[in-house]
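Here chain A shows up in two complexes: once beside chain B, once beside chain C.
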Partner chain A sequence: MVTGFTGLLTVTVFLPAAGALALLLLARSDRAARLLAFAVGVAELALSLVVFFGFQRGGERFQWVDRLPWFASETLNASYFLGVDGLSAPLVLLTGLLGLCAVLASWRITLRVREHFAWLLLLQTAVLGVFTSLDLLLFFLFWELELLPMYMLIAIWGGGRKEYSAMKFLIFTITGSAFMLVAIVAVFLTPQVGTFDMTQLLAHGVGLSGADLLLPASALFWLFFLAFAIKLPVWPLHTWLPDAHTDAPTAGSVMLAGVLLKMGGYGLLRINVGIFHQQTQQFAWALMALGVISVLYGAVVTIRQTDLKRLIAYSSVSHMGLVLVGIASVQVGLGELTDTGLSGAAMQLFTHGTITGLLFLAVGLVYDKAHTRYIPDLGGLANRMPLVAIAFLIAGLASLGLPGLSGFVSELLVFLGGFQAYPWPTALAVLGIILAAGYILWMMERCLFGAARERFDHLTDASFVEALPLVLLIIVIVAVGVYPAPLTQVFQAGLAPMVDAFR
Partner chain B sequence: MISESFIWAILLLPLASFVVIALVIRPFLDRASALSGRVLIGCLTVALALSLWTLAATAGGAVPDFQPHPWLDVGQATVALGLLVDPITAIMLVVVTGVSLMVQIYSQGYMRGDPSYSRYFAYMSLFTGAMIGLVLSSNIVQLYVFWELVGVASYLLIGFWHHRPAAAAAAKKAFIITRIGDVGFLLAILYLFSQADRFAAAGLDPFHIPDIWQAAQPLATGGAVLGGAALTWVLLGIFAGAAGKSGQFPLHAWLPDAMEGPTPVSALIHAATMVAAGVFLVARFYPLFLASPNAMTVVALIGAFTAFMAATMGLVMNDIKRVLAYSTISQLGYMMAALGVGAYGPAIFHLFTHAFFKALLFLGAGSVNHAAGTFNMRYMGGLRRFMPWTYALTLIGGLSLVGIFPLSGFWSKDEILAAAWQGGGSVEMWVSRLTLGLLLAGVLLTAFYTWRLLHLTFHGEFRGGGEREQSDLAASAPPAAAEVPQHHGAAPAGNHPSGVHLAESPWVMVLPMAALGVAAVAAGFVANPQWVQRLVIFPAHWLTDFLDAGLEHGLGAAAEAVHPIVPKFSLEVALASTAAALVGIGVAMLLYRSRASEAIRDPLERMGPVHRLLSQRYYVDALYEGILVRRVFYRAVAGALDWVDRFLVDGLVNLVGCSVRGVGRGAALFQNGQVQWYGVMIAIGSLLILAGYLVLG
Partner chain C sequence: MTLHDLYLLSPYVATAGMGILVVLLDLVTPRKSLLAAVAVLGVLVAGALTLVQLLDMGGILGGPGLPNLVSDGGVLAGSLSVDRFALFFNFLILAALGLVVLASTDYLRRMPGHQGEYLGLLLFSATGMMMLSAATELITIYIALELTTLPLAALAAFLLTGRSTEAGMKYLIIGAISSAVMLYGMALVFGFTGSTSLEGIAASFRVPAQQDVPFGSYAMLAGVALMLAGFGFKIAAAPFQMWVPDVYEGAPVPVVAFLSVASKAAGFAVLLRVFYTGFLDYDVDWGALLAILAAASMTVGNLAALGQSNIRRLLGYSTIAHAGYILVGVAAVAGVAYSPGAGPAFTTFGPSSVLFYLAAYLAANLTAFIAIIAISNRIESDRISDYAGLVRRSPFLAITLALALVALIGVPPTSIFIAKLYVFTAAVKSGLAWLALAGVINSVISAYYYIRIVRVMFLDAPPSAERIPVPVPSRVALAVVAIATVAIGVAPGLLLTAAEGAVKALAGVAR
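Let's turn to the complex of A and B:
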């Protein structure tokens, strides 16, 4: 049994929550609140860098483990158990990165400032908790904890039909959570399993253990799948996403697209793939079908959108479909396995997080300044705000999979793996790159290019604080695109044992 | 001996120039933006010197074999970056760095005073660097990476004057159409990887280009790793990518619009980078193409058809750059057709000569634009008196394009025609013959439109230039202008006023044109002498033999079985093509005698519906944009899915929500909309379940 306590992850996970508390109790002014949130954001980024670069490839599978007994009775055998492997370490880094960006993106907020930052920081704790929990019960608690701050961010600081969108987000996720809870309880109640310890479940796998499960393993697989598919989101469970994005504030959108969706992908990889080997192989065709539909359907619907945020939201549906394509490719032939597609799926979580984060930051700046996100009203912005335009363009090019930027690497790996397993469906999904070029470049043309408009003559370019997160994410996007090995190797270290467990 | 680091330097110099201009000069030293042009010119001068040295070393028999460097290593998918330097690469390096250097020197004059001067040279650095990376790649994924980077650099440059809607639209169109072809290329790569096990069994790497060549050759154990229908499909995928980049039918529609970019960009796109990439790609995988007659047939027929069809459209265009654009598509068709009928050396030889004279022609068009303030030839005329250098050099370029003895185009085009005449490639004889027929007809058309271009631009009387054009347009578009799509001809190029300034361009523009003029004369007979044993340092058929030797080295043991045809000069073919060229020029001379200074009525308009069909570009653009994209895709398909999403998928969700609310009305206590309440309920529910278990268990 994995034991130990280094404390690093505990600090990383709970520092934002502590910061939130400190904000509410100590910050006297909005300015103090901002600075405190910024300090916590920087500290989190530093901590997440330590977690990521301190991760030893070739070392223990789970590192930086913090484990304390919690409900250590015979009947409820749960523990406080944090740790990262190669799959979660990069996602911790992603959360640290986007957490800081979200704080900076909220710099100009004037409504209930302290509360805003408090919820934002609490959200970060919840997401980090999801990525680092190695105990199913703890995982579930963090999963639920994420709902409240996000709901508040949309419902209070959002725009448009914000209450409707926030409630929709909430109901969808809770519905998924209910399925997941049933599955978790069923796993635990099965006498031969009887544990929430994910490391044990990962090592043995539920389906392969021969245990007399309370529910059939395939039912458990689909219950978990539903919860994660709603979060990812997968067609046809995606309709909460465009609404939530459109009405969320910029920081909310950045966190939502950047890390919250990744919880779904992470759950699929960690639990569905990690624990239900047989079922993953058995239902790979279904995942493939859903993935390809999401890719194409999402892309086609994206083209019709006229609201910038809705457009990016639908493009996320398309890009997250690639995660499913990558996962479905795990079984190449009869009994023949590959982790190329899985690595692509995991990479896609990271790269899409940074790229969409950058897109939403840029869109947020456009909206803050031009006061509209309605595409036909925009145009010629490159003349007025070159910095924002450059960031927008780089994010867009990365999103359409331009080599040299990070999105290409994950798409390539997904396609390579997918084509080995399911050539024809993957070939269909590849058509998505034409559609992506279409909607991204058309969006660029309509927003950034064309003659300068009188209406926008007064617009100013991004200020220093506004430019900071843009530059940060551009650096990451270019770095991963030019030399992806450091990231792929860590993911590889996390996924290889999972694939080995299949055998 | 070739040192690997020197060859990396050829690639890294322009990329370093990009980084320096984009990250240092543009943000911090924009007042000294003149620096940006000089940085790139300096880098390219060194790169050209290194390229010439590489060519000399390769020609001297060096066969460098560099170890690739690991880049991505995920499971089975290992991608290693490396350099593949063989004769075609060595020649391409010289063409790319040489033409780009001339274009950059010219740009210093052409782009002077542009507010985005340094941005221009940043993009140009990226463009040149990406093309160099493309020709150097030893790995198919690496090649794809640079392939896409070439595409994005051209996107940025075509849309350089992004405040002009036509430029932004043309940039998008270029990227999307080429990307349609790229999907084929990508699928070919995916297929190769899906055969990784079979490659591995033969000790090969599915991404390493020389290994891919080997995969098509028969193994000692019998059968090839790649063969049959699968090989043909892979090749058609690769050809789809090549057709997109090289503007081959049916993916040619982007290239004429691409002239919305600054003219030196067009010169680079049409000569050395971008469009040449497609021909290079087919040539790069030529050992595979030799093993699939079906794929070769497709390449030959598409190439020949494109050569002919594009030339017909070139007949009626009024925009000087548009005529040149169709001539580029047509000439690329010659190269593809040559590759298809098995003439590897002649295809690349034509790419080589074409690069010089086509760059020259575009730079000439830019120079003319500086004087006349327009690209519309209806408003030009008589410019030879004002700009003798531009006239003389454009004449050299034009006659070389037509293939008049002894200019370079004559030699390269004739080798292609001779090869098609000779046949003997892997395609059937009728394919070669049909190709020859289409290409010969193309010679006649080329001669006609080239002479028309020269005449309308330089001969006769001056017809008012951009100023007259503007006033004509203002006086409620005359019927003559109606057939010109609204965004062409009329729009003055970016910062360039439509003012008339009848004088020769500055030396900084004329000198690079002169250098290209020398190359356009010499690149044929001097680099690839015929009839003689030896010309100074070059033995007879030096260039084609050099290229063929490189190909045979790539083929290895299989060179005996499949080999390209090596055409020798054929007097009959030369006479036939010269006759066709002279007829074309003669007809043009007859039709376009000197006219008064009136904006001329094109005699071709008398052809009525044919003229209409040609000037509407066979309605291909209308079909693509108006019908396929706008009606079928955007309105019908995307519109329907959007409706489904709104009213079925989301509607169902809301329906469920409503009915739940109806049921829940009785239990309204729990439906108070407070999230805290839901949270509490979840917590209580979870605890109840656990408590239940504790009690019962």
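Let's turn to the complex of A and C:
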């Protein structure tokens, strides 16, 4: 049994929540609130860097473990159990990175400032908790904790039909988590299991496919899958996403696309792949089909969008479909396994987080200044705001998978894995990337280039505070694109034991 | 009756005695604020006596070897049993009473001249509830039930407004009908088992010849069903829920708060005791019957709550839904799925989940109601739309009320999350996975109407910038229950152990 208490993850997870509380109680002015949130964001980034770079690739599977008994009785018991492995450490880093970006992106908010930063920080705690929990009940607790902050961010600081979108987001997510709860309970009640400890479940995953399960293992697999598929989102459960994205404020969109969707992908990798080996292999074809449909459907619908945010939202559906393609490719042939696709899926979580984060930041700036996201109204922005345009361009090129930028690495890995397992469906999925090149370049052309419009003459480029997160993310995107090894190696360190467990 | 009996009865005597004292004091003292203090003192004394009894049994964490203070026969010729189970409910009911008294100090000014009666009736009703949870004999159950119901009917009508009188009348009449029905059920059960004590009833089921009386099985079934109808009224479960919305809307808010948590707890206490002590060997699957009631109750409550615009009516329907969730735990006559053919092997799972849920619900629902008491004192309206922008007018009230509503959905890390987890786990373990799934789906539906209130409070513009003051006693009570709501969710260990220990006092669970 894994035990210990180093405290690093506890601090990392709860520092934002503590910051939120301090904001509400101590910050007397909006300026103080902003600075406090910024300080917490910087501290979080530093902590997440320590978590990521302090992770020993050759060491224990789970590191930085914090474990305390939570409650124990005759009938129920759970532990407070945090820890990271190669799969979650990069996602912690991603959350630290985008958390700071989200704080900077909401620098100019004037409505209920203290509350805004408090919800934003609480959201960060919830997401970090999901990525680091190694107890199923604690995992579920953090999974649900994320709901209310995101609801509030969309419903109060959003635009358009914000309340409708926020409620839709809430109902979809809570429905998914209801299925997950039933599955968690059923796993716990299985006599041979009797624990919420994920490390034990991961270690003895195969044992779950025995006949003594309370519900059939395939039912459990799909219950978990539903919860994560709604979050990812997978076609046809994606309909909440375009609404939520379109109406969320910039910081909300960044967090939503950057890290919240990744909770779904992380759940699929950690629980569906990690625990239900047989079922993952058995239903790989279904995952593949859903993945390919998501990729293609997302891409086709994206082309038709005229709202910048909606466009990026649908492109997310398309790109997250690749995660499923990567997962489905775990089994190459009879008994032959590969972790190429899985690493691609995990990498896709990280790279898509940074790329979409950057896209939403850029769109947010465009909207702040030009007051429209309607593509036909935009044009020639590159002349007026070169910095924003460059960021937009880099994010777009990374999104369509240009070599040298981060998106290429993950997509390549996914397709390499996919071609070994399902050549034809993967070929179809590649079509999605060609479509992506189409919609991204076309969107760039219509927004950034072309004749400068008179009514945009007054526009100014990004200020220092606005440019900071852009630069931060560009550095990450280029760095991962040029030298992905540190990241891929950590992911592979996390995924290797999972693939080994299949054998 | 010996001195030891008196010691065992002391919490009830203290509560009722303080009730009488409050009424008498009201006649002689001009300082009405003294009355509430005396009532709180009564709660503290009764609580202290209960604590002494609990320590006598070895404390909360004491081993299962000492479930009972009386070796055999019980108190007053076996009509009451002072065991861990009863003590658990003593604490629950006294806590609810104390908090409601604290929260109603400001509200009391609306009813000048009757403060003594108000507090006295509350104390009498609480005495009835406490006795109800200890009663082990049908006639005592009936008497305790009447002692619970009659003061509450008077209290419901206390405002003397049209709506309040209607609420009192409805509660009285429907209460009277349901107790008549229940009495008929008790008579049938007595007729075919020859005993009014739960032990005796249980024993008669173990004699096969007893069940061969012509038409006996049908009469027993009718008896059990009619008794269940009576209990259904107390716990506000469908289809005996008709009185709930009107009473919740019309009665004074503190009374509703008390009714919603304490009366429900007492109802479930007697339900558990009767079914898990008396009817365990009855060869009809009453677990399935309760499961159907549970599913009906949560569905009816949740669907009706969706369209409500009055917060008290909404919480009325919500309480019906929660009665359904709690019934899931009662229906979870555990172990059936694991020992086919060997007869049900009873575990602590189902009953202890009920106890845990009741405590968790007490914290969350009282948080909601104490906030509503403070709000309605100022804005004099129960319309949800009038709660617009509450976060601007009183952040404390808005945040605590939002916490309570989120807790009522069952979102972690609040008390009801663990409670629902516990109840649904018990259901799955007893082979009632469909019921757990129904409960989970219902929880999702309920999110919609609870969050709607949060939305109005946090998102809409306030009609006026006027602050809403919260008197100090209410502030204290609200802080206590709000902290409890989170604390039970974050650290449920102690309460889990206490609930598991308490249900072992039930004859059926211990074996």
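Everything below uses one rule, namely that the second predicted complex is superposed on the first by the 497 of 503 C-alpha atoms of A that agree within 3 Å, B and C clash if a C-alpha of one lies under 4 Å from a C-alpha of the other, contacts with A are read in each partner's own complex, and residues count from 1 in each chain.
Here is the rule we go by: a contact is a pair of C-beta atoms (placed from the backbone, for glycine too) under 8 Å apart; a residue touches a chain by one contact, two chains touch by 3 or more.
What you see is a predicted model; the values in this text were computed from it and never measured.
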{"item": "Contact breadth on chain A, by residue count: chain C or chain B", "value": "B"}
{"item": "Chain B versus chain C as contact partner of A:Val300, first or second or both or neither", "value": "first"}
{"item": "Touching partner for A:Gly404 - first (chain B), second (chain C), both, neither", "value": "first"}
{"item": "Partner chain in contact with A:Ile156 - chain B first, chain C second, else both or neither", "value": "second"}
{"item": "Contacts of A:Ala289 with chain B and chain C, given as first, second, both or neither", "value": "neither"}
{"item": "First, second, both or neither for A:Leu215, with chain B first and chain C second", "value": "second"}
{"item": "First (chain B), second (chain C), both or neither touched by A:Gly438", "value": "first"}
{"item": "Partner chain(s) touched by A:Val50 [first = chain B, second = chain C, both, neither]", "value": "neither"}
{"item": "Residues on chain A lying within both footprints (that of chain B and that of chain C)", "value": "75-76, 140, 144, 147-148, 151-152, 155, 167, 170-171, 174, 181, 185, 189"}
{"item": "Touch list for chain B against partner chain A, complex", "value": "70-77, 141, 144-146, 148-149, 152, 155, 159, 162-165, 167-169, 171-172, 175-176, 179-180, 182-183, 186-187, 190-191, 193-194, 196, 634, 637-639, 641-642, 645, 649-650, 653, 657, 673, 675-676, 678-679, 682-683, 686, 689-690, 693-694, 697"}
{"item": "Footprint of chain A on chain C - complex, ascending", "value": "347-349, 352-353, 406, 409, 411-413, 417, 421-422, 424-426, 428-429, 433, 436-437, 440-441, 443-444, 447-448, 451, 455, 458-459, 491-493, 496-497, 500"}
{"item": "Chain A residues within the chain B interface of the complex", "value": "75-76, 140, 144, 147-148, 151-152, 155, 166-168, 170-171, 174, 177, 181, 185, 189, 235-236, 238-240, 297, 300-301, 303-304, 338-340, 343-344, 380, 382-383, 397, 402-404, 408-409, 412-413, 415-417, 419-420, 423, 426-427, 430-431, 433-434, 437-438, 441-442, 444-445, 448-452, 483-485, 488-489, 492"}
{"item": "Chain C partner contacts - residues on chain A that touch it in the complex", "value": "70-76, 137, 140-141, 144-145, 147-148, 151-152, 155-156, 163, 167, 170-171, 174-175, 178-179, 181-182, 185-186, 188-189, 214-215"}
